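Once you scroll down, you'll see the structures, which are given as structure tokens.
Two complexes follow with chain A in common, the first pairing it with chain B and the second with chain C.
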Partner chain A sequence: MNDTPAISVEHLSLRYGGVTALDDVTLNVERGSVLAVVGRNGAGKSSLLQCMLGLTVPQSGHSQLLGCPSLDLTDDVKARLGYVSQSPELFEWLRVGEQISLIGGLYPNWSEELARALCVRFSIAEDMKVRTLSLGEKQRLAIVIALAHQPDLLVFDEPVASLDPVGRRDFLRALFEHEARDGEPVTVVISSHLLEDLERIATHVLFLEKGRVQLIGGRDELAERVQLAVTAHAIAPQAGLLKSRQLAADEWQHVVDTRALADGALPPDTALRALSLGDLFEALNT
Partner chain B sequence: MNILFVIEPSTATPIYRQIVDQVARAVAAGSTQPGDELPSVRAVAERYAINPMTVSKAYSLLESQGLVERRRGMGMVIRAAAPAAMDTRLALLKPAIDHAVAVSRQLGLTDEEALAAMRDALAELNAHDTTKSAKKDRP
Partner chain C sequence: MKSILDSWRFIVGLLGGRLMIAIWLVSLIVSYGVLGWGLAYPMQFLDTHRSFLEMAAILASAASFGGVLALTYLWNVGKRYSQWKLAPSTDRIAAQVSRILILVSSLAAIPAVMLRAYSATSDRVWRLPDELPSGYTPSSSKTFSFADVPSHAYAAEALMFAGVVALLLVAFRRTGATKTIAMGPVLFWAASQTTYRALWWLPFAAGLIIVVLEYVWRHWLSGRVENYFSQMDRSIRKKQRTPCLTSWRQQKAARSRGADDVDARLAALLALPSGTGVTALSAIFAALYLVTLPNNTAEHAPGTWALSFVAWAFAYLVGSVLARPVALPVMRLALLPVGHRRTQFGEVFLKVWWRDSYTKVLWAALLGFALRAVCSALGWPAFLQSPVFAYGPTLAQWILVPLAHVVGLLGFAGSVCLISSASPRVLASANALTVLPIATVILLTPIGLGCKWLLETNVVALANGNLGFVTFVLVNGAMLPAFAWSFTRIFRYQWRTASLPAISSGMQIWSDRLRKMSADVTGARS
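Up next is the complex of A and B:
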């Protein structure tokens, strides 16, 4: 077993125009984990994924994929990587079946059988022209291609935005149908606004806000540790206090990391409430 | 054994915890028998479209709690064990009671009214059970 993280990102910063897309982002993605990347529009989700993949060059900082610098990926690492962007680039003039065979020829680990099975499952007719597919169908075709070469690392940038609920469930199931080459579970990084889908599969969650890491951790650990408290007064900024918001004259809402918060930081008898991913997202972003 | 899990992703309870709680409740209630097999990790993951690692985590926790054991060639089976002690069963009931108490407070019910409602619900259930199990012959 290999202990190198599947992805490691150190002090990534990216600016274009006057906009800061990423601001000193540092994180590791362990092999076999499923990292959900969430945040409001413009929080830096796509920028982060593109920097990880070496598709965008950051102003500072660096990242590695499967132990290889993102800006200098070897053919071997590229072959172990599956990526689906928000608007998949496909060969519009080909038929679906031709596109699949053409791409398949480029990958050493390609499974034609898996590709055909996924097409059936995602209801994509192989004799259709790629040009005539809807956006949802194009996304599904890109997902089929990403999965059928059985990569060790899958990166999805809002892959299911155009899929219906049944298609989305099928997509979630398909993620776990093959193992990485070393027999370990596949590593997945997925950005999405569909928190209920993410909740089904994520082992880890990264909350981005304005290009910064707002919160990152194991999903189950966060659920047990990060909670909501309501108090009658403001609480001074301190370790473990992730976000505070005034709801009314005598009502303050706080997102707290119960393990990092000092004893006595909250008034005695303050009720704490556990949060779903959706509730936590809202509490952190309002 | 065909445990039908109810997986609710959009709640504050992590999915592994939902699985653990539901198996523990089924065991405590006696609706499973020792030797009953849990569905495989893969089957549960596939059915509910969840991460197999989450199911593994739940099963490992159940194993460490002594509720299930791993059997070669069979997967996870419910362990032969004494029926859950009273305090275990009460502990499993506590979250539901807490919820009912919170709702009764929100509705502005008095303690007496809430208790009466609980007694009524139990009486209703008992009446139903009596008619249903009239022929049942249990030692």
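Up next is the complex of A and C:
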């Protein structure tokens, strides 16, 4: 098996005028992992995914997909890549079947049976004009097209934002069942605000805040490592203290990285509480 | 076979549909046919069949420029549709389609250049005998063939053609607006013959305006928010930002007290949410109109009624840009406990639209007066400084004529707002709202021109045209608004039973349509 990471991002920075979308982001996504990218609106999630894919050119830094520079993807790498953007980008003048067939014809690994099966699962009528589909239906169609060539690298930018609960369930099932044609481990990068969904599928989590990496790691590792502490006094800023917030006059809440926090930084009798992904997100962002 | 068919459908759709392809191919065939006919049969100067050659020149030019536009659209698809960009082999396919488009455009350019050079040269020979090709004497019985067109005329036409192509490529390389909006400049350029070389700069100026507008739109108006942020981020940022004009109006609404202020409060709460960019563009457009007004006191070039009609119609066109009713969030307001009654809403709509319109007119006046002074001092544009128009720096030139037009534009804009707010039934229908802006102009134009005719035929002092600006003020500043006000009164009873949810729904659908159209114009993705 190839040891190079599925995605490698180094010192990526992106600015739009006076707004910093990404600030020196560096990360590797190992093959076979499912990376959940979370952050508040404007944190830089979409910008990061677009830079990863070479759709947006960063001011500095570079990224690689499956060992290939993102800004110069080869057809081989493109054939192994599936992408669903936040707002589905489809050719509105075609019918669903034509759209599937047109895009499918470009991929060497395209599976016509899988495409049809996914259309049935996602309740998409092939004879409808794309422009007549609702936003959710377009999103489902984009998912079908992203999955039907059985890629081993999937990038989803808020794929379920427009889907109803049934659509979300179908999406997650399709993702669980997804296998790459060539037997390669499937790597998934997914950004979403639906943390309970991410909790079910993610092996790794990346928290972004104002374009910077706030926290990254394996989900189990983070659950074990990053915990919530409540103290009666403030704690001085230091390594391992990720966030502090005053709840009341004599009540402070801290998100701490227990491995990085110095011994004695917390009062001796402080109780530490493990956090779910949702709780951690809330604690880091409020 | 099926994939070939799908690719064909994709390309056909990409280029504007089967009808567009058919028009394109027919244009190509017809222009070659007419070129062959013109080559085989030289025609006399006054031969009416020459108009076939001129029409074919337009068709061929449009086909060639259309191909260039299709090329820019293809580039845009490559840049904008991530699904296409990230699929394998798309670069190769795009290159193949590009080659076909370049080939077809080049094929269409040959008859276009030849026919345009023929038409332009024969026109010049006939109209400007001093510039005849050596030894050629114009006579209506003589014929003029393609062999009589000097080679430099072909070269000049080819150069002009290449310049327009370059402009199209520059102007539309990013907008993605090729299928609908860009056809306007294409047809304009295709139809612009270059009989008088003095106007060689016209297509380039038009191209420059497109490039500048696109730049202004991208970088200053919709700018970064439109281009760079995702849908959700964009909406969040938009929510966080309140335009200063709206903010001022909201503060004004908050300060108002008492029952007398209910209308003002409603209108302030309904303040148009983001009119700054549109206001600026409209004001600039109207200011340019004020700059190019003739310097004499008549409203038109001397004498002819036809030109007088054109000048007024153009003024109405400018007025219609300044007074554009837009959708308002009716239900949001209808549910607020601010002491309003259903019958007040007609007045509220009028207030909101009128305020928007007069803001634009006043900004345009401010800018227009300053620009007009600068342009007059610089002697530009040259044709307005010619003896026909320029009567010297008089009170009329500097003040009265532009002032008359400002008052006239205000009156016309007010009339449009009055008519637009007349009937709640019209405002409840998205289809009616779609045609409302043009329908009001169509209604008001003949009435305005009719009033003008009445005044000029019955008031001796206004008959000679030198007091055209007075007629303009009387008609558009007083008579037209009076008519519009009376028209509004006729329908005002309908507001007693107006369905506010229906108006809200109609306006929402209308607004969505406009947004979609705007996205098409700017190339923004919805």
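Throughout what follows, the second predicted complex is superposed on the first by the 280 of 286 C-alpha atoms of A that agree within 3 Å, B and C clash if a C-alpha of one lies under 4 Å from a C-alpha of the other, contacts with A are read in each partner's own complex, and residues count from 1 in each chain.
Keep this in mind: a contact is a pair of C-beta atoms (placed from the backbone, for glycine too) under 8 Å apart; a residue touches a chain by one contact, two chains touch by 3 or more.
Since the model is a prediction, treat every value here as computed from it, not as a measurement.
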Combined model on chain A: chain C and chain B, fit or clash: fit
Contacts of A:E196 with chain B and chain C, given as first, second, both or neither: first
First (chain B), second (chain C), both or neither touched by A:D220: first
Touching partner for A:L73 - first (chain B), second (chain C), both, neither: second
First, second, both or neither for A:V19, with chain B first and chain C second: second
Which superposed partner A:S87 touches (first chain B, second chain C, both, neither): second
More chain A residues in contact [chain B versus chain C]: C
Touched partner set for A:L102, first chain B, second chain C, both or neither: second
Which of chain B and chain C A:R169 touches, first, second, both or neither: first
After superposition on chain A, the shortest CA separation from chain B to chain C (Å): 24
On chain A, positions contacted by chain B and by chain C: none
Chain A residues touching chain B - in the complex, by the definition given at the top: 32, 34, 169, 172-173, 176, 185, 195-197, 199-203, 219-220, 223-224, 273-279
Chain B - residues contacting chain A, complex: 7, 9-17, 45-46, 48-54, 57
Partner chain C, residues of chain A touching it in the complex: 16-17, 19, 21, 41-42, 46, 50, 53, 55, 73, 75-76, 78-79, 81, 83, 85-87, 89-91, 93-94, 98, 101-103, 105-108, 142, 145, 157-158, 161
Interfacial residue positions of chain C with respect to chain A in the complex: 2-3, 6-7, 9-10, 13-14, 17, 80-90, 93, 223-224, 228-233, 236-237, 525-526
